[in-house]
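Some structures to go through are shown next.
Same chain, two partners: chain A is paired with chain B first, then with chain C.
And then the complex of A and B:
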């Protein structure tokens, strides 16, 4: 019921444009969106406060610093380094990923208490990111060529895109719909629909800030009705283009965090 | 009491039609809310309740705790499906079988619907335990860990099918639960939103299963299915056995009284009594529970019983008077008082069930009690009214002087009963002496009674549910779920104490903000109720300070405070403490030694498995990490899987409480009781770290609690009503001795009943416990008739031998006819596939026979022994 209400609100608030001259190129929007969301600034450092709220309203927190570096200009391979600072028992834990656009990403986990570096070889990228409602691929960005993208409509503020996976057996959703801001090219809302036609996961952006000329998501939530509850991310201390060295995204630096970047 | 009969005789049509109209109006009242809910919305619709949990009131602490814990750990009742294949060499681990199993899991995900309130009911897809929905965290070559579904889709080759098996066997949490220990069978666990939907879900699953043809056997069981199935079959049984019993009663009555029109009258009285009672039950908002479903079966014999007394006396006296009105008036003058007494005492016997704190038994007792009163009223009015309305010619050949087929039966009773009476009097001393060892054995037997129940055993051995139960509990960890909640001792968790300690610790630290932090602790401690809340509030405050801090010095000072508090909080997370986890692990190993326990799962298995796969994948590394941080990081690794939420079935996110899922192979209360006691003793013998406390919950444990109530409650109810009935009879007879005498057959029947149950080793379950009440009602009934008629006759005869001879005439015949008609009339219950109905059938017949024997043998024996004290015969010679 809640979802129908949400859709209704969304539809009412953004009346469909009837004066659309021509259909914009859908792939152009998709690429611009992924670039605005995940590639801004060549590299970035940000602090992330994660609040995981379960179906009972019980809250857990995670605090981390994320470093991200693009390997090429625009959409292409990139590297992530996520350093955990809270809660205390996962302090100094590191999650690292090399995002590949042509094959599955490479992921590592460093567990300081066990003095262990592990490569994660998951069957897919739709595993939970550290117990949150975000999947790993929600954080790193789903490869754009995994889906067929379809332009649905253009409203005053948004391009509405429907994305259907090319390999339906691979994922648990039937399709997802994105509302992309027409100026910032950020997906302000994404709804995942299951095979029964029910929306069960909702990604929604609450706050956007312009930092160093880049429209940047500050507050975002992922709600999951199948599992119950939601996860909220708050980005702070966002700094673009700080010149992060490539060599820190290596197994060697998992055990020896680059303190100068993490301060 | 004769005035009621006289009214009825004056206006017979009005009484009969009145009763019929009342019964039909009540039926309409009951049917209205079901047939037309909008018009009759103020009335209660018929509802069925087969949930043994409702044996306890909703607010019973054990139920409250159960609901709370189930909510805390997001646990649902489970339908268990065992899949077995005896013909394939690898059991169900073949392409064909696993493809079906995959299909069934996908199908189960969609068994959902919206109920009238718009809530989604049915299966809870997120918590399905099936090969395709379970995560398999494992080594993937050196230095890598793989998060994968155990079975991503139907296997493409036989080798792939076997790989699914091997991987499942290697997962301790799945071994014995999802895959059988012999690696040949699979069990699926289907969580459902509530027990009430289990039959509907199971039916949909059965339909789907029917379309498979890989030669697999699918067995569906689990307490919810059994209970819901019982509810459905209960109704069928009511529909089959009640008419059968009625038909047989009719035949027996006809055999004894040889007048079809006449013998229809007790049946009419019985059916009207049952209808009115059941309609009142439903109309007052009671649901049909397994206990209350037996109301018709209980009201029926009681209603017929009084009628038989009237018909029997009428039948024997009619030839004397040759006039219906005169005969019936004469009969009622003899019987009105005993019938009134017996109805009161029977009513009290059933009302005594209100002593038990078990709502369905209270409803049962109350409404059978009401049924008794209704039956009494209808008997004393409608039977005479009916006789008067019958045409005189129907009685032409009626009565004792008529010879024929029934003449033998009559002559048989006429011949044997006086002999029986004479024997009882002649051998009164040996009979009573014999009663001493009999009573001793009965008491010994009663002391051997064990209370035990298992809703699955309510079905006969041949029933599909029982077979499924046997198959599943043979191959798997068990289909009966009990849960052991572990948590901190709240008393040792005193907030005041902790506040003082925390403040002291802060002040000893090198923290720039220690003074401020200490005063924050003081202030916040006044507004919170627990340690966890205190720390959460402190952390939030310090975080806010950190965010608003401007200078680097301030920022670093608050960061230090924050990390200090973080460590404090980590220390409250008791279920990350390796000592606690290893205690749990040993406790589980201990529980699993019990024969009834098949398997236990907890956060320990998750931690050990993930740790093993992180380190080497070898058995040697199947252990708990050495530090709390090691545990935390193992668990956060697990949370990178597809099913991170699985963790919260076993531990709360604040790690303050944990849950051990204990799969039991038996649903017998005795077994649960034993495991409960063993665990309690384990906690005493092995004091747990951090003052852990434990408390059971889950359906299997709830059953134990109400069973205990039934055992104690049965004893209390029996003793209570026995005393009340004795006192009542003393008042009614205006004699202590007569009062005591009249309850002797009652005491005998109850002692024999429970002694017999104890001796044959039948456990005391809910249906048997209520049989005590009916034995109370029926046994005292015969005794009252016997005693009252003896006293009446003694006044006429003025000596004991003649009195006895007369009592063993018509009054004794009425009792024997009663025993025979009712004893045989309830045997149709034996064909019911539901055990409680069978038990009631056998026991009811047994009780009637026992009560008859006690009344016709022990009572006269006692009376002849106590003749001098009981009777005040006028001196002979003076009498006329």
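And then the complex of A and C:
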């Protein structure tokens, strides 16, 4: 009897799984993408060199070290710690965020000259991160439940996904299209289209490296024709799974940066 | 001396409760450290130099728009300030050295006074940080200290402020005066505790007339540069000491804290009956605060019981005990435009005593002093331009104080700013209105180095 059942199950499930292989499950790709881009390794430390180039070609630099820790396996809450080292007027400043999946993120800023731990409202995820063309949600990943995702096509290299916000009043874009690398599951290009159907914001990856088996974005740009100019990020000294303790992401280490991790 | 015992007792009781958890944490630390060492050599081709000196040169000029009183200069600000900072670390010790070198012909006092900040050199942070155990952080030496929830309104933060700098239009970092203290922080699973011991009282850099004129209620006259306030500061090491403590933890997204302070009123709110000199009566404060997200913004409440020196209720020369309460809310109301509003109450707790003891003809305060603050901050041009306005309004005193500032980062190294400080009100004796002769506008240029 057991064998019969097994055969029946196999026969029944077979047509379903072949259909899946032909049209991949869009949520599966979306989750894998966000996990590859923002969740690799359980925790990570990286140095980020940011170049903000305005519409006149003038360039400003920011240099920071980012620590990120996942609170659960896979897509879920996370904690971020960003320690600024350049330019000198923001040196030793710390930005900390607890990314929540069930409610707005918690954010803090530490200003060393005043020894002030300031709590900042996370009302708008789509405000510029430290004056760059990246938004807060570009850095920590947009909540996947905020959009309806639609599978457009599969090319030799990419899955093409169209994402439309569930609450269009929330954001400037009408939708965005992502080209997700089929092996690395990294979004190599994302184009944001406004309500007039024009592409005004482009996220493009220039360099990917495999670090500790994790495909890792090394160079990425965000260009924004609405604002003018672009911001380029270069990641270096990327280390995964270094065992960052949870308590690093607390007021204690805002006031006293954890040198062991930041060196 | 009392503070000493409290400090020692506090240290011992904390060590006792935490020693059990320490062993496992220590094992984790060692493991984390060895992981780091293994991976360290692979990268880090861009390692920072051990000694990295940075800072700024800030040139600032301001003029008084109010009338001249008691010899006040027309120029409110005229100074060049060089700040140099470095944070080297050796073994488990991190050293902080940040010192200001100041050329200030308006003050025209170059002899260095570490307590008042007078003179050509004003060390801001000269301290060492280390962790004697993995649940303790120590910071010993001259440091800037801040806690509590208020925005320019302080209830349980009794660390020294520099009101002259605040009112004259120096950078907002100068609102905080340095404190010579030892700070011990203890971190446990259920609660974190900070204890700050200041062996010699560190007063505010308060308005005494030399830079900012004020109204002296005892003599019914404005006092300025020609006749500044005379005062006696508690000045004995270990006898005139201060202790400040905070216990805090997060409850979900809400941060809760309780506070204790024992020391002196930070500005001279008393008067010596014999020689008429201003004095700093004893003060203890017990308080609490909550801060957390609400309705897409951040909200905070804080309260404190100010227990003034013995006999304050009946002595017109000592400030009354008070209950203080603060509630605030901040929200980004449009893209890169943040607004915040606060309500602050100061209630005299022995008002009948105050009324009875008040000399006839003296200015009379209400029992409750209400204060409402409003802040608007707008960022523009890739956050390189910041426009901010902060208004204090006291409906009970019918006076107020408006601060505004525009600052623009020309490049990563260069910033220019302009701003002003305007006090308003019709009476001479109310707290904010008394400074209205000091209304000023200023410009500044700052170069990062």
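To be clear about the criterion, the second predicted complex is superposed on the first by the 241 of 263 C-alpha atoms of A that agree within 3 Å, B and C clash if a C-alpha of one lies under 4 Å from a C-alpha of the other, contacts with A are read in each partner's own complex, and residues count from 1 in each chain.
FYI, contacts are C-beta pairs under 8 Å (C-beta built on N, C-alpha and C of every residue); 3 or more make two chains touch, one makes a residue touch a chain.
None of these values were measured; they are calculated from a predicted model.
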Clash or fit, chain B versus chain C on superposed chain A: clash
Which of chain B and chain C A:26 touches, first, second, both or neither: neither
Chain B versus chain C as contact partner of A:226, first or second or both or neither: first
Touched partner set for A:56, first chain B, second chain C, both or neither: first
Which of chain B and chain C A:120 touches, first, second, both or neither: both
First (chain B), second (chain C), both or neither touched by A:169: first
First (chain B), second (chain C), both or neither touched by A:259: second
Touched partner set for A:245, first chain B, second chain C, both or neither: second
Touched partner set for A:66, first chain B, second chain C, both or neither: neither
Dominant toucher of chain A (residue count), chain B or chain C: C
Which superposed partner A:130 touches (first chain B, second chain C, both, neither): both
Against chain C, colliding segment of chain B, chosen among 325-333, 343-351, 613-621 or 829-837: 613-621
Touching both chain B and chain C, residues of chain A: 54, 58, 60, 86-89, 91, 111, 113-114, 116-117, 119-123, 127-128, 130-131, 227
Chain B residues touching chain A - in the complex, by the definition given at the top: 71-72, 74, 110, 118, 125-126, 140-141, 143-149, 152-153, 562-563, 566-567, 569-570, 573, 576, 611, 614-615, 625, 627-634, 636-637, 639-642, 644-645, 647-648, 652-654
Chain A residues touching chain C - in the complex, by the definition given at the top: 47, 52, 54, 58, 60-61, 85-89, 91-92, 103-104, 106, 111, 113-117, 119-124, 127-128, 130-132, 227, 229, 236-239, 242-245, 247, 251-252, 255-256, 259-261, 263
Chain C to chain A touching residues, read off their complex: 28, 31-33, 35-36, 39-40, 42-44, 46-48, 54-56, 87, 89, 94, 129, 137, 139, 143-147, 172-173, 175-176, 185, 187, 192, 248, 253, 255, 291, 293, 296-298, 330-332, 335-336, 338, 382-384, 409, 411-413, 415, 446, 448-449
Residue numbers on chain A that touch chain B, as the complex places them: 1, 54-56, 58-60, 86-91, 93, 109, 111-114, 116-123, 126-131, 136, 169, 196, 226-228
